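Common to both upcoming complexes is subunit A, partnered first by subunit B, then by subunit C.
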Partner chain A sequence: MAEKILMKGNEAIAYAAINCGCDGYFGYPITPQSEVMETLMKEKPWETTGMVVLQAESETSSINMVYGGACCGKKVMTSSSSPGISLMCEGISYLAGAELPCLVVNVMRGGPGLGTIQPSQGDYFQTTKGGGHGDYRNIVLAPASAQDMYDFVDLGFELAFKYRNPAIILGDGVIGQMMEKVELRPAKARRTDEEIKKLCASWATIGKTADRKANTITSLALEADVQERFNIKLQKKYAEIEANEVRYSTYKTEDAEHLIVAFGCMSRICENVVELAREQGIKLGLLRPITLFPYPKAAIDALVPQLKSIMSVELNAGQMIEDIRLISNGRVPVNFYGRQGGMVPSPEEIFEAFIKTIK
Partner chain B sequence: MDIKDIIKPENKVYGKTPLLKDAILHYCPGCSHGTVHKIIAEIIEEMGIQDRTIGISPVGCSVFAYNYLDIDWQQAAHGRAPALATATKRLMPDKYVFTYQGDGDLASIGTAEIMHACNRGENIVVIFINNAIYGMTGGQMAPTTLLGQVTATTPYGRQADLNGYPLKITELIAQLEGTCYVTRQSVQNPAAVRKTKKAIRKAFENSMMKKGTSFVEVVSTCNSGWKIPPVQANKWMEENMFPFYPLGDMKDR
Partner chain C sequence: MKEEIIIAGFGGQGVLSMGKILAYGGIMQDQEVTWMPSYGPEMRGGTCNVSVILSDNKISSPILSRFDTAIILNQQSMDKFENQVKPGGLLIYDPNGITRHPQRKDITICRIAAVDEAAKLGNAKAYNMIILGAFLKKKPIVTMENVLKGLKKSLPVRHHNLIPMNEQAITVGMNAVEDI
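Up next is the complex of A and B:
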């Protein structure tokens, strides 16, 4: 049996990074995710795998270090929480515009502004619709456990390199701070220079050799027609991601007449809401989007005909609900329950709100 | 004598380095950017490090530096080149990594990045083109714009009480423990070009010796932004910029 270790979600990010052959981490402290860099600094991976770990002077700098490392075909990442991610959005737009692979972890806290350090899902719009300027998309993974935090690091890098696009793990303060057993995966070695050359020589800045043209990484196109052609190519890539990479899980949806949709820590809490409803003979099911982009549109769409209502449960004022309403398109009422500012509801509280919506 | 009798290999005194591509420069005639590009290209050729050099271009008139030098390039967001260079050098320590930045890029929007990269002593080369103006956006005030200097956003001349003082960022950089070589040069005549070439070559060599950051400022002209012809621009630079930004090494260790 694989080894299981008790750790925080944030620590799981750090251990997974070392374990999956990450080349570099660049970050700036912010609660509730500082344990990521603290764990890396304690583990000193530069002495074992050769992974670079650097505390930058700001999130602006962290994300641009990630940009530089990504230009070199390296597996590079950063982590932060909401205010820091806002600062990074310029850089993330550049990464998307330059088609660079990287991993960003957002352990969300309450906002807007400096907000609270308690958990939130208030950055759903920012992360799934872009965040920075221009028409771009992030690949977004929503962990619901410390194990997910661990597993999504490797998965995030795989997807980021497959599509040469930023991947974001959109966690929250609950998942980051909660301690759970995490099953460790077999270690992957960091890629050698030869492997990087084989994989990335067509675009990465690893030194112009006589056998190829110089590589330039840029997101600049002065002519409108060139930029439009590039944007259309990006949209094709996003369509491909939507076709291939949707991930979600369901709980008691086979006979469900009502559906809760919830992601991250809220999906865990909502499993208990399903149980509370079932005890009273109400056929409630749960759908948990694991990827927030691409969104499990087809899965929700397929359930709509059997449903009398859908409720989106989120730690915000109602953001994901807009996507569900687009899918439902008026066929079934889509209700909402949410808490904000760092408040986390209990299953009973959500159940009470749910009952009101169906009466 | 016919021209054909003159163009012979044995008569050749100068050739364009193949590191400079044949692309037509987009710089205004008389602009210092082109001269500094040529210097860097020659150094990369002479050191034989084309396959080991990564350039990082800024946002500013030199954003397109990648069209001219035949090496791998990264194009950074405005001011962030030192952050890209930091990661690139740390992840590929066997590479020569340099940033090429204007005064707006380096000394205004990117002040934090350059200060901290230099303070960490990243083993990179920084080429700083100080033309005391925002060339690319049409000649607005730069952090290095002189007092009294007229720009698009200081139409009555830069005033300290309104606009603050010109920033001697290179003097600040020289104070930082992380820098090993900090110098200020210019390229307005052949002698100055030779000195600048020597300085940039030293900076490139330093970057493989784990001595820290090498920083080369080139006091430059922007005749379009200054709205004076090239020859006059050189004169204006000598008379107005050199007294405030004196040339020479500030630090060499």
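Up next is the complex of A and C:
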């Protein structure tokens, strides 16, 4: 059995990056995710795997370094927290528009503005609906443990390259700062130039050869019809992602009459809420979306007929609830409980709120 | 077995590292663990706390409002956490700097004069291990062997020479803890 190491979610991101053959990390420090770059700098992967680790002069700069690396077919990533991600949104839109693969980690904190350094899920809209301009989507993974933080780095890169699209790990201060045991996975070597050529020659700027046209990477199309054709192509890609990449987990939903939907750290807390309800004979279940885009629409839709109520529990003023309401479409009451500003509710607090909604 | 613990005091008392060593001890005996710190501005000189859960089974919520054990090292933490101990639970505190002693009648209350004991050892840095010893005496949920293995994991190799001193401090804590 692989060794299990006690580490923070943020540290897990760093170790996973080195371990899965990441080529480059470009970042700028911000609480509560600073341990990502701190750990990379401590581990010095440039001496072992050859991975580049660079502290850029700003978040804007980091995301554009990611753009450059991604153009060359490299596995590149950045990480930040909410205010820093806002600065990166222009770059993420460009990456999506140029169909470039990359991994972005957001360890969310309270906002708006500089806000607080405490945990939040206030960037749900930003991450799942856009953030930057234009009709684009990110592939969004929501970790609920340090092990998820570790595993989603490799998964994020796999999905990013499969669809040539930015993938975002949407964590929060709880998941980033909490230590849990993490099982390290078998190491993957960094891709060789030959492997990159084989995988990315159709689009990456890795040196034109005589037998093919030059690859051009751009997100600019001045003619409206050209841009529209590209937009339609993007939408087809997003539909494919929605058809193939939905991930979620359920807890005691088989006989559930009430359902809590919660992601990330809140899904962990809400497992305890399910237990508190079950102790009182209330048939409560939990659905945890693991991918926030694509969202587990069909899974929630299939549960609606057996339900008397749904409650969305989030560390914000109510963002994901809009997606749940679109799915349930008036068939069942959809309630909400959330805390903001970095406050994290206890299971008892959520249970009390839940009971009020069903009485 | 499931033990939910809050350790709370001032930044610099070794609250976070005590929690980490306890959590690592749990891993050494193949338990599930979570270690959730307060990481706000309070770390810079003010109060500081960490909740640690050790369990034989998968741990759901790392965020708790009721604890099996509260280890309390300053007055602010006493005010905040005394009432969060589950009925029948355990509260261990260092009376140094405490102006209002715990009032609860439905929990076990123990005192560990760790500041005094650390002074006797001539080593202020042994403070948190004395506290840990007091806890392990009352709730031997992690064996000494696994605590030492955990220490080895959490300390950088260059500090492994300090392990015997830490072991001594744990033993001091075990012997000095008193019921009230």
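Quick note on the criterion: the second predicted complex is superposed on the first by the 359 of 359 C-alpha atoms of A that agree within 3 Å, B and C clash if a C-alpha of one lies under 4 Å from a C-alpha of the other, contacts with A are read in each partner's own complex, and residues count from 1 in each chain.
Everything below uses one rule, namely that a residue touches a chain if its C-beta (ideal position, glycine included) is under 8 Å from a C-beta of that chain, and two chains touch if they have at least 3 such contacts.
In this text the structure is predicted, and so the values were computed from the model without any measurement.
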{"item": "Touching partner for A:K74 - first (subunit B), second (subunit C), both, neither", "value": "first"}
{"item": "Partner touching more residues of subunit A, whether subunit B or subunit C", "value": "B"}
{"item": "Touching partner for A:L6 - first (subunit B), second (subunit C), both, neither", "value": "second"}
{"item": "Contacts of A:G115 with subunit B and subunit C, given as first, second, both or neither", "value": "neither"}
{"item": "Overlap of the subunit B and subunit C footprints on subunit A, listed as residue numbers", "value": "none"}
{"item": "List of subunit A residues in touch with subunit C within their complex", "value": "4, 6, 31-32, 116-118, 173-174, 177-181, 265, 268-272, 275, 342, 344-349"}
{"item": "Sites on subunit C touched by subunit A in the complex", "value": "20, 23-24, 27, 32-37, 39-41, 60-66, 153-154"}
{"item": "Of subunit A, residues touching subunit B in the complex", "value": "23-24, 26, 52, 54, 56-58, 60-62, 64-69, 71-72, 74, 76, 90-91, 94, 98, 204-210, 214-220"}
{"item": "Residue ranges of subunit B touching subunit A (in the complex, touch as defined)", "value": "50-54, 56, 63, 66, 70-77, 80, 83-88, 90-92, 95, 112-113, 115-116"}
